[in-house]
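Sending over a structure as structure tokens; questions will come in a sec.
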């Protein structure tokens, strides 16, 4: 059976690549008259640490999302309108990540800290829901999937994304209380997915 | 017969992907001294609702345009200068969408509402004309098309895009009267194309 | 013989696609307090006509450069460091086009008109030289080219780009005298290349 | 053995292409009321020479990094989580290059010169370390590499990137003393890699 999803994957890859590379535009260079010498510049850059934190967190978040997108589409062979729509929703949310990232960069270090961390967490909740939706729509009809995929593998991918949801709700609650904990939970989830998605693939090869 | 249009499709995909991902740059982050706390930030973001509306509408518009571009080029196997030019015109208009989107984002909620909705509608009229031109130039000479394509399929694609024109004229008229109706018509057309283009493809497989 | 240049072409396509799509960022949206109603907005947009002219001219210039790049690389099968360097130079200049475009957009309608048109012409002189260099380096050693390419075809491509040089010098001279004539010459050359490169390809198929 | 790394290479190519093309956004166009005539504009552009220097240096740096990335991945056939991570790190650093470039553009010509050259050198130190890490992780297990690759070829690539490290340390030391020398060392290293990587490839074909 021929894989029908190659051009969708190419287009999605391009959107992920652009979204990830545009993030650097949120690192701001100070105006020339605000800086007198090298020490001034270093102080300015040090004070920008939330921008660097947000840049790093969002870069690797989108990168791992791309890895997962790649893994899911290796199992999808045919497409229908529902899959196109769910994938479009993922791409929309991925391209939108740069907005809460910019808010986090500018306001994490101040009074609006809880609000920006909550908004930043929400975008990942939505992305998690969109990935769940994509896999639900694709796995509902085994004719769309890679021939020979086992039920165990389908369930494993399903659980892998579903488990994210309650953890994001915990991160959301923490954002109103100790915002830095929310960011650490988000980071932890991505590390978990980076490691576990590798295992899924291997188990499928058996 | 070998398909000659692969590099054109790859280039077009990249332009669509960049155009769709650059839209997020129109969501503005408030200056640091304009925001004192989280509530200020939420009020600022709420007041930006036309920017979010414009972002969502343009993202999915370009995404569905890409799907349609994909569907049309699945039927085109050879190319000539006329097809290259018509495709270049489509890419030009697609890359330009972000300008009326930015105008809509900033001025939909105010006195200039009718003007920005009219400009926003015009760009889609032009894009519709460019798609009609592309299909007219390609289908005029059946040697350029996929071997074995039926006349019924050619006519169906033709009608599908032609029907859009009178509806856009209605949207243009509404823009001077009740601008929100124009946006709803544009949204409705994209939903129609999202659903109907799937059907075209299926009917071609018969 | 296997074609070795596919990943170079893919990378080049991406740079062309991004360069062409970023041009829209030079169309500026007026600040909210500068515009009271729809008429104000239309006046603002009308006064921005040099920006639209520059956008259109540069978009189609880069688009036709891409078509020509495509045509040249269809004849190149192997690569060496010299070709990589010449191609890198082309990509550098293509990505730089947006800077003289932005200058033209902002200053064509004013005292600095001659200077911006001259700078805008210079970038195309350099791009023309880089294309000549690429084809000189590639065609010098027929082992790098498509097997079976005729000497007539090699010479035809060579002449096609070489003829551009004296015409650009004329455009440069006009820029100090009647700047609009320079832009029309640039436009005319691209139309010539758009049409003639099609003929080259056909003559090669014989 | 089938090559498993094609989609990684495609994604990486896109990130390199975007990173290289976004650099032009750091060339600033003066505000309209700051420029009265053509001479003013030329003076403004001349004073911007550090921005042009930074643009050229970073463009060709990223371009040669891409060439090297291409050469390394021609030797890698399988992938694991470690290679994915090391490649993600390279892409992160490549996308970040535009920030020290913007700092160099704005502050090379002034009091903060040493600081910006040192920061600009640091990013290349990190990129060098990331390339070393990628090749260390890939070459540690010969099952990941192209079948038939010789130990001499593996060692040659290894040494090629390792030699960069002490030279970058020298560039770093010079940045506090004569900053322009650091930039010349960086330039020299890229020229060395541009030339030597060609030789590696040839020696591997034997």
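Going by the order they are written in, the chains are A, B, C and D; count residues from 1 in each one.
Simple rule for what comes next: contacts are C-beta pairs under 8 Å (C-beta built on N, C-alpha and C of every residue); 3 or more make two chains touch, one makes a residue touch a chain.
Quantities reported herein were computed from a predicted structural model and do not represent experimental measurements.
When the partners of chain A are compared with those of chain D, no chain appears in both lists. Judged by shared residue numbers over all numbers used at their interface, chain C and chain D contact each other through mostly different positions, with under half in common. The chain with its C-alpha centre at the largest distance from the centre of chain B is D.
In this entry, chain A maps onto chain B through a rotation of 90 degrees when their C-alpha atoms are superposed, rounded to the nearest 5. Rounded to a whole number, the gap between the C-alpha centres of chain B and chain C is 26 angstrom.
In terms of their C-alpha centroids, the spacing between chain A and chain C amounts to 37 Å. Within chain C, contacts with two or more other chains are made by residues 10, 14, 18, 22, 25.
Arrangement of the chains shown, judged by which pairs touch: one closed cycle in which each chain has exactly two touching partners. Contacts between chains, counted with the stated touch criterion, involve the pairs A-B, A-D, B-C, C-D. Contact residues of chain A toward chain D in the complex are 9-10, 13-14, 16-18, 20-25, 27, 29, 32, 35-38, 40-42, 55-56, 59-60, 63, 66-67, 70, 194-195, 198.
Chain contact summary for the complex, chain B toward chain C: residues 7, 10-11, 14-15, 18-19, 22, 25, 80-81, 84-85, 88, 91-92, 95-96, 98-99, 102-103, 106-107, 111-116.
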